[in-house]
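Below are two complexes that have chain A in common, paired first with chain B and then with chain C.
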Partner chain A sequence: MNSWRQRIRPEQIRELSLVGLIVIALLVFGWQIENFLSARTFNRITTSVAIVGMVAIGQTLVVLTRNIDLSVGSIVGFTAYFVGAQLAANPTMPPAAAVALAVLVGGAMGLFNGVIVAYGRVPAIITTLGTLAIYRMLLINYANARTITVDSLPSWVVELSRQTLLTIGDFAVRPLFAITIIAVIVFQFVLGYTIFGRRLYAIGSNPEAARFAGLPVQQTVLAAFVLCGMLAGLAGFLFLSRFGNITAVAGQGIELESVAAVVVGGVNTFGGSGTVFGALLGAFLIDLLGQGLLRWLGISEFWRDALLGLLILLAVASDSVILGWLRRLWAAPAVRVEAGNER
Partner chain B sequence: MQTTPVLEMRDISRRFGNTQALDGVSLRLYPGEVHALLGENGAGKSTLIKIMTGVHQPDSGQILLDGKPARIGSTLEAQRLGIAAIYQEPLMYPDLNVAENIFVAHAGRRWLVDWGQMYRAAEAILAQLDVHLDVRQPARGLSVAAQQTVEIAKALSLQARVLIMDEPTAALSAHEVEQLFAIVRRLRAQGVAILFISHRLEEVFAIADRITVFRDGRLISSALRTEVTVEQAIRDMAGRSVEQLFPRRHTVRDEILVQVRNLGRQGVFQGISFDVRAGEVLGFAGLVGARRTDVGLALFGIAPADHGTITIAGQSVRITNPHQAMRFGIAYVSEDRRGLGLSLPMSIAANITLPTLQRYLNSLGLLRRRDEVATAEEFRQRLAIRAPSVDVAVGTLSGGNQQKVMLSKWLNTRPRLLILDEPTRGIDVGAKAEVHQMIDQLAAEGIAIILISSDLPEVLAMSDRVLVMREGRQMGIFARHEATQERVLAAAMGQSHTVGTTTAETIGSAS
Partner chain C sequence: MNAKLRRLLSWEGLLLAILLVVATLNTNLAPAYLSLNNQINLFQLSIEKIMVALVMTFIIINGEIDLSVASIMGLAACVVAVLFEQGVPLVAAIVVALLAGLLCGAFNGFWVAYVGLPSLAVTLAGMIGFRGIARILIEDRSIGGFPAWFTTLGQQPLLGPFPFSLLLFGSLFALAFVILHYSGVGRLVYVVGHNAAVARYSGVDVPRLKLGLFCASGLIAALAGVLLAARLGAVRGNTADGFELDIITMVLLGGVSIFGGAGTLGGVGLSILLILNLRNGMSLMNVTGNVQTGVVGMLLILSVLLPNLAHVARDRWQRRAMQRKEVQASIETSASS
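Here is the complex of A and B:
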């Protein structure tokens, strides 16, 4: 009778509670806002979550190791602009090459971050705050006040974000969202079933113990940053596809959104616990609240940032309280099970 | 001039969980007297100091200051009452200068710092100690001895009348010890009551007026220095009560598994030489600061040795990281379960398989979680780990069960040499007996074991031979039948000549 308790861990309940919150938000907004539960809202949210969610996957990997990557906003912006410029110059470039280029450029930027954090022993928050500014400066220099426009790009780029893969009722699933969902599934699997994934958790929850267990701590942290950069690069490509018009401020603020998604999604900022699926749910909830409040209360875009900040604070502050409460709830019957076995 | 004691502790008792740290202890500190406190690890010295300095409160007993009952509710109160303590590692603010460090506790009494006056006052105090130090120099880069002097000056600036010195000489050179003693004598002449704690008997006998010995939280003896001998003091410290001796079987095999010669690490330990045979338990005994753990860490490659040789199963090896050590079949179970050993939010199964994940891969390179769980289940039954399932977070388990998860994790690496560092510290009596039984069992299976333990009766009961260390040096190796508490303790305190250890085996540590 206690088997479900043993199978489901408190951390998983924490994630499931996000689904509950999303449903509640949907119900409230659907009831209060005319036409909220429509194909259009679904489309807007999924497209926007596709980009933030992709970045949040990488952010999850980094946060799991007790680090943070604040430079992702600039990486998204830089790769979006850079790949856009290359495509404008060589319209015949095959799609696969364009995607590979985005991933490669993002990966290189992630590598730079990772080397400084893992080998230079500079705290990640400082390193990536620095590169956030540096990568943005690179973009501003490179862009030189020019703008990538939809018209200058090969048509397939922008088409990609407008196609429909499949429709469920009125709801259309767009390729960008599908790509992110696939990436989430892949990385959920990586975290759960590969040595690399296990090492991320081990290093985050106790770096010294990981060292004692003979794990390559530095290489693993480096790999997390490189992957985070690569995913941000891929997100940059999605960004290009979604907007088509790219300026030097592209992707600004995504660092905050991705951190918010990760934290709201239940990834522990002290490392060691959390999943990419949770981060995706976090991204969903945040975007839903943002869109909903925007239309319900007519609040301005600036409120969105404040909302993000508030959600981050709430999530982090409530996390230990809620998890502690759940763990106690779990531990209590466990003692009874033990006593039962001994009789 | 034996008047009223400045500080009197009367019938002090204090309990921590299952351990009676102090049991009805009384102690008087007189002005102008150096009172030495001796005792093995865990004898209760630290607890007494913490009660004197207001860190802990006694469960029962009385504290009298100048003959009047007093309460030391906090460290701040202790400071106000004129009780100061200095430790082996001084607590400095490295970026503040000497004068600022001396007067740091005075901060907040005035709005502005009068720098000129502060420097003059600092110089005056140092002059009182007959010490020459530039008061404008930052504390960073000062020697430990100089830092201690600053600590003493700080205590004087607060009008300390009781000065507690906890192992102050452990990190000092012989010359610096002399200088410290000159300061101590000067303080004594000024009427300060000094409680001096040291594992170095020669120092205790050189400086103390009165010597008190603790054992198992009780006061065993207290006498003027002129009335005790070194032998007497050692005898009083030894003879710890033995709860239940675990009957070790004789499991030593002929095959020498690990041979260590003249192992050393610059500034930490040197000249360590021993053999361990398959099925043998080699105990590492010593007092705090003996550097036993550092030898273990060197063998496991965490803080590698920089000279000497290690031979494993006839093959000469160099070990520079834990990964290598594991490949050579060495496992190290740390004393610090939370800090170095376990990932508390992770499950029992994930903790156990962490160092051996390569074994759980399928042909696609993915983890076979079912096999991990099977391994964990096997250990759960074998070591009787009490947990509802192997999926629960390790952080939810009791200390004894966490210890068993640690053991499982390292046993799963199938070690040939298992280094156990304080495997029973802080776990209850029942779990302790289980760990002892496990050690015997593992030895019987042919694993060579190095048992580092500060619990002297435990080392003696569990080991086939005992290596004694003191301040980074090897003092001797005793066979089981010659290893008495007195002998091992005498060696650990550098007094081997006084208790005759002629039969002690010593492996050539030359060259």
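Here is the complex of A and C:
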């Protein structure tokens, strides 16, 4: 009884239950909807999860430190448009340079957010609500009502999202999804096993204590925002590759989708707990439910937002209520043992 | 306490000074700017936002935030439009819309006050969810064709040159001012915002107060949404989209602390005047809407950043003054010994 309690933490049960929910949803939809478990559904879900999932990794880093980044949607849109315009102007630009440009532009925007939050001590919600508008303004002025079209881009950009990397049975893994999975694995490792990663958790669980313990709180929060911006920039490149046609409203609303993925994925909005893997599962579950419910109930696309809002609320509520209950359950034997020792 | 009071006064003084600068620039740009008609018009163009900003002041001073107000405004507008389209009498439709707003507010308030979830997460879910309900109702249509009495609701001059909605805002402002600064409830809003735990141990019914505030926020947002539908004359799924940015900026620029417990309605009133005049001036200079939004975003960041920097600078200056005094004292003691 005690041994498995020591091995599994309540947070891990949260992620296991998420996997369980995904499996149940897959079984129910597969049973109820004809041709649901097909290569096409798999493709559609993995391609859209690739972009939101990439943004959600960065969002997780920021939310872990008890902050939030609402400007990621504007960063995705700006980098997608900016890199698209540069590629259209210089079609000979090597792919690595284009990706590096996207990451750099995103990183610069993240740096601006991070400096204001970490050194200017402006709450993250205010800063990023402001930069959400500012970055979008930059994009609209830069775009000047023009559109990036597929024809103007070098062919490798659009090809990237259509190629097949490897096939497992009928299911084809696209490069975009593979890039996001690699990023998730890298950051799962960074969060779990590096000094920087553990500092993010320490700062999120108790900023005061982290400061008194001598952790470089300001630098770490700044780094989290810069990384979040860089990942959003990379997501902007994926966005360009997936859609090809980019307008000034590109990426609008991704900030909410990424926050939703992170929250449903079990990352605590008060910071200090959650994983990148959970956020990816959250993004996956949201998209699966969105696709499945729309087709199963035969309801229109307009139901999507209402369902998303409900899902976020349920996730936050179950986090607060169920995790609290689980933690008490976990703590109970320890208290009993202590009481026994006193006697 | 005295220092705090002085800081607030100086913040409001700063707002007043910037307002005067903006007003002078605007007058030079366009002589018609100072005319009563332009000033009334300038209020009319944002009347819905500034109404919601009044309740938002209470919510933020209370230490919470409501990101869902713009979605509630949109939902109320959609409810009125859809019911009207179905042939329901307009007055009944308005009542239903107000009730819907109240319900949304109560929903937010329940999760925040009685379940104890962070208001940021709850109202973020509400922001997406309520907008989603509006989308379900109206889909991608645009509903208009309201009767004339509705489309002029709040806009025709009622008392002298002042229209109904402006008078309504004026009385709401006066009411909010009295409640916040001269009533027991107002004191409780500050106490809870300053330290909710202490308030609870002192016997304050914190959940009831928070629930009440969120209900008020939902109701006023719905009222503003109905007025917006009337002024625009047509309702779409994205009506009032993104208004929360402007509303929260007005409150924070007014010197209300995002951490709760501090701020005044006088400051918010000044910041409302400042933002409206600034937008008006930018319109006079042919600055496009999205640049105006960007400028408001910068103002939002600066309104918190500048006081923080000033605070840091003053701390550093005080510390240096203290050190100088200590050095002087040590020199004196060494000289006397």
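We take it that the second predicted complex is superposed on the first by the 329 of 343 C-alpha atoms of A that agree within 3 Å, B and C clash if a C-alpha of one lies under 4 Å from a C-alpha of the other, contacts with A are read in each partner's own complex, and residues count from 1 in each chain.
Note that a contact is a pair of C-beta atoms (placed from the backbone, for glycine too) under 8 Å apart; a residue touches a chain by one contact, two chains touch by 3 or more.
Quick caveat: nothing in here was measured; it's all calculated off a predicted structure.
When both complexes are overlaid on chain A, the residue A:I195 reaches chain B alone and has no touch with chain C. Once the two complexes are overlaid on the shared chain, A:G272 sits against chain B while remaining clear of chain C.
Contacts of A:G120 after superposition: chain C is touched, whereas chain B is not reached. In the superposed model, A:L307 lies in contact with chain C only, and not with chain B.
In the superposed model, A:E208 lies in contact with chain B only, and not with chain C. For chain A, the partner with contacts to more residues, out of chain B and chain C, is C.
Looking at the shared chain after the overlay, A:L297 reaches neither chain B nor chain C.
Only residues 2, 6-7, 9, 192-195, 198-199, 201-202, 205-206, 208-216, 268, 272-273, 327, 330-331, 334, 337-338 of chain A touch chain B when the two sit together in their complex. Contacts from chain A toward chain C in the complex involve residues 68, 116, 120-123, 125-127, 129-134, 136-138, 140-141, 256, 259-260, 263, 269-270, 300, 302-310, 312-313, 316-317, 320-321.
Those residues of chain C whose C-beta lies close enough to touch chain A in the complex are 65, 111, 115-118, 120-122, 124-133, 135-136, 139-140, 237, 245, 248-249, 252, 258-259, 290-291, 293-294, 296-298, 300-301, 304-305, 308-309.
On chain B, the positions that touch chain A within their shared complex are 300, 302, 321-323, 325-326, 332, 334, 339-346, 350, 354-355, 357-358, 361, 365-367, 369, 386-389, 391-393, 396, 409.
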